[in-house]
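Alright, structures below, take your time with them.
Below are two complexes that have subunit A in common, paired first with subunit B and then with subunit C.
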Partner chain A sequence: MPDSSTREAVPHQRHGLAQSIEAASLAIPFRVKVAAVWAVIFALLAFAFFRSGFDIQWMIDKTPAIVRGVWVTILFSVIAITAATFLALLGALGRISKNPIAYGISGFYTSFFRGTPLIVQLFLWYLALPQLAIGLLPEPYASWFIWPAQVAGVVGIAFNYGAYMTEIFRSGIEAVPHGQTEAADALGMSYGQRMRRVILPQAARIVIPPTGNEFIAMIKDTALIGLLGTTILWADPFRVAQLTGKADFRNLEALIIAAIVYWGLTAIFSFFQRKLEARMSKGYVRTAVKAG
Partner chain B sequence: MRTTTRRTPRGLIALGALAASSVLLVACGGGSSTSTSSSAAPAESSAAAETSAAPAESSAAPAADGLLAQILESGTLRVSTDPAYPPQSSYDEATGEWQGFDIDVANEIATRMGVVTQWETPAWDVITAGNWNDRWDVSVGSMSITEERAQVLDFTEPYYFTPAGVAVNADSDIQSIDQLAGKRVGVCGACTYEYYLNRTLAIPGFNFEFLVPEDVEIVTYDTDTTALQDLKLGRVDAMVSAVPLLEEAIKKGKEIRLVGDPVFLEPLAVAVDKSASQPVDSLVAELNRIIAEMHADGTLSELSMKWYGVDITKGPGA
Partner chain C sequence: MTSPVVRVSGLHKSFGDLEVLKGIDMDINSGEVVVVFGRSGSGKSTFLRCINFLEEPDQGTVEVAGISVAAGLPTRHRRKEIRRLRTRCGMVFQQFNLFPQMTVLDNVMEGPLRVKGESAAEVRDLSMQLLADVGMADKADQHPIRLSGGQQQRVAIARALAMRPDVMLFDEPTSALDPELIHEVLAVMKRLADTHSTTMVVVTHEMGFAREVANRMCFFHEGVILEQGTPEQMFGSPQRAETKKFLDAVI
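Up next is the complex of A and B:
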């Protein structure tokens, strides 16, 4: 008789145990349920992890050294996002320009740097650029382009992300209503004045949230710089993990630590990213209410 | 209005050109400043030199010119190492420095030149490909003298000889090298062990017997330790690598074992880049003189005993 008793317990619902569970769970807040799902996932992962014969003592010993690489990641990311923002601004102005040279250069820039793998670009900056410089420039100018791995890596990431962000910036600028341009023109503003005082400030609030997303993605991609062979002073968590893992034949353990370190880092920045997005959208919501 | 829009593109070009040139300047400035800061090399070379006497100013050093003169003048020998290769070269996270046989040998060479070492750590295939663009001066990286590499690199006389061997998982059925026929064998890509398996290994002055069956399925990796990882995971049945590396892995708890005797001895040498912007002949001569000296006074044997537990500095003929 379990069937009929269930029916009695939830008289207004369709039959079945599933329905009774659903009804009971209505009382539990959604966030608590999500937390429970996460707890189960972590419990399963932890179980699998401890059963798999990893050298846990080794991992505990090496974690500090791998975590210490985080400052390199943050430094690389901050420099690269700054340079990428600058490149993207130029690129976006080029993409909306009526000048064939500016339009052509920016078109080549976005096409090439979005159309080739980032890791290939990094090796081109590291290995091919010096070759080009030596072929084209007299000494000592050629040696200016022979960069150490970390410089080639950061420049490479900045150019790559700058190309993606060019499209973000372009769409941000184009999203500013055309009436703003006309109003600026009507006031007799020059191109530079119009961009600096009218268009770009309004475009900025549109492009800042997606730029934050690019920054978080960039944090992870800086790990590729280690593949160029950065030396220990410039070793990020992935590079340190590879070096320590290979020294002790504990590659898998080292990679697991590195994964957790990057995950934690992006989780922190994602938190701030959500705050930022909430703040940015707040302004739009208020404007919309006023207008309505 | 009309004139405004006409003027704008020219203004933009000027702005673009200005910005582009400032990007260039920023990039270059960044380049030079960070390269100097990466010269914070471990200053352990003096400590590694406890066995040797004073630097070689007294002995008959060849006339210093080209790259050698530049090294002596700067007081720094820039050495590339692939720190994925214990006990030749690996990262000691406790001290934050590189350690191993190659590291000690390079430090000793630098000490005898009267300079200090500065480490560069590019990927192995970047080192063997030559065209170093003057990023570092020499490779002290247990590099085998192959014909292909000799086209882009100049080698010194060998400073030691590594036995290459075959390893399998401890519980494998494979008991002899003949049983590798038809099996998957892991090996580092574009290295002597792959050439050996391909039967294309050629080193002037040395003859090799290709003992591993011809029909093995070769699986290549970025470096030997990755191949070892895959051997443990069972994706390959065996691997070929340096016996010292395999023994180090066993010592550090990897459940693998060597199969049969070493398959060949590879002569390993210091290398310099033929395409360096300065002539390298006097540097090679100086390196040869120092290596001969280190063979003769027992320094290399001593370091070999320290890192490998055996003296592998004598050639196949000796």
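Up next is the complex of A and C:
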């Protein structure tokens, strides 16, 4: 008790200057202060870069080449998310299935692909799968499994993300109230009709926001594909930056550009993601108003 | 009708160690309205849900409109027979369970259109007619979330009727409704019984409805039909002490 009263007494003993600083600080909105903190961080980084002999002209010259790689990133991401969605749908139906084969396969799938590093999986698809195929299959079948780095990379990312998304889809399907299943069953619907017409449309609403998060994470992970090896045509921003930076001893400049490109790309999709989420949360009321 | 629409024989069902149904037999004739009542936990809802196999009985046979399915393993053939039997039963749930992503009209059309594969134009006419019958035609393009509980339940009744079932199963259809909305649902059910001679099995606590509409009342007690008879018999001179005790408590 006496302790707290002394503490409370302290501000009153402060000088006028400290008090007026506190008053001025309280008058500034929180967001403005946060913006100031960001500005200071950027200023410090810029200062450090320029002190270290940052070559701004080199950056301006090389930026177009690095940015061009964005199309590779977007193309890989779109193909991979499409394939991953398909795999996750199958995986989720397996996880909720009473069929031991479907349940077992999907269980192995999610366990292995969530339990091993993505980079290891990428090399498995790229280097280990051909060895397996050559050991098992006669030509020409074996060569069907010898893929370019880009194909192995996209397949690897699709399978990896599909495994994580399997759990998202499974929980989305399970979040649909049981009464919906009963209503569909009571109408005499088959399993396929019940899923297609009743359960999945409702689960889709639930899984779209977290799937958007997976897509944003995937955009960044496509940079790993470059590690398998690549051609200039199929080089993503990271790979272009790595190559040009190394050639001119401008690693800092090159990698900063690449980082900003990915950062910008994920910021754009995060923006749309938030819009989509806001739209989804409005639910059916919105469409009902339109229809009525 | 010479033979009953619904024949239930020797129905047994346990949940774990708890035996909920201990051998239920019931024949229901065409146009008959059977009210099933009793304390919660008496097995009345489980009995109703066993008729269309939403609950799998452990023993016994259910026959609806000549389609007979016995308790057993879910083989491909048996699952198909259960689906066939279900198309002859209309089910109305306590919680309505309308499909929220579809409009009212699509909810009603869904069964005949997708399950029976009837033509869209015919199904639309039938569905609009049914929605008019339950007083919901003006809400055909709305989504269920915009409707009150009573309105949703009336749509659910139309959805079940759209399959042109041989029997309608009502599982406590007014228990989730606010008191002032109960009568509109009961009115629709009464009209079904009076003007359409719909065969109905109704699990309900609404004894006023039972007195007015039921042909037969079955008192469920601890997994058996302890007593059954006309409303006059049940309300006038119940034979069993448990029946009398229950009726005294709810009226």
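Simple rule for what comes next: the second predicted complex is superposed on the first by the 249 of 292 C-alpha atoms of A that agree within 3 Å, B and C clash if a C-alpha of one lies under 4 Å from a C-alpha of the other, contacts with A are read in each partner's own complex, and residues count from 1 in each chain.
Basically, contacts are C-beta pairs under 8 Å (C-beta built on N, C-alpha and C of every residue); 3 or more make two chains touch, one makes a residue touch a chain.
Because the structure is a prediction, the values reported are computed rather than measured.
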Worksheet item: After lining up the shared chain so the two structures overlap, which partner does A:P201 touch, if you call subunit B first and subunit C second: first, second, both or neither?
Response: second
Worksheet item: So, does A:L252 touch the first partner subunit B, the second partner subunit C, both, or neither?
Response: first
Worksheet item: In the superposed arrangement, which partner chain does A:L90 touch: subunit B (first), subunit C (second), both, or neither?
Response: first
Worksheet item: If you stack the two complexes on chain A, which partner ends up touching A:S190: first (subunit B), second (subunit C), both, or neither?
Response: both
Worksheet item: When the two structures are overlaid on chain A, which partner does A:E182 contact: first (subunit B), second (subunit C), both, or neither?
Response: second
Practice prompt. State whether A:S25 touches subunit B only (first), subunit C only (second), both chains, or neither.
Written response: neither
Worksheet item: For subunit A, which side has the bigger count of touched residues, subunit B or subunit C?
Response: B
Discussion item. A:T116 in the overlay: touching subunit B, subunit C, both, or neither? Say first, second, both or neither.
Written reply: neither
Worksheet item: Taking the two structures together, which residues of subunit A meet both subunit B and subunit C?
Response: 185, 188-190
Discussion item. Can you tell me which positions in subunit B touch subunit A when the two form their complex?
Written reply: 1, 4-5, 7-9, 11-13, 15-16, 19-20, 23, 26-28, 30-32, 34-35, 37-38, 40, 83-86, 90-93, 96-98, 119-123, 126, 131, 133-135, 223, 225-226, 228-229, 248-249, 252-254, 277
Worksheet, complete the sentence: Contacts from subunit A onto subunit B in the complex sit at residues 55, 62, 65, 79, 83, 86-87, 90, 93-94, 97-99, 101-102, 105, 127, 130-131, 134, 139, 143-151, 154-155, 185, 188-192, 227-234, 240, 242-249, 251-252
Fill in: Touch list for subunit C against partner subunit A, complex
52, 54, 83-84, 86-87, 89-91, 93, 95, 97-101, 103, 110-111, 114-115, 141-143, 145-146, 159-160, 163
Worksheet item: For subunit A, which residues are in contact with subunit C within the complex?
Response: 177, 179-180, 182-183, 185-190, 193, 197-198, 201-202, 205, 283-285, 287-288, 291-292
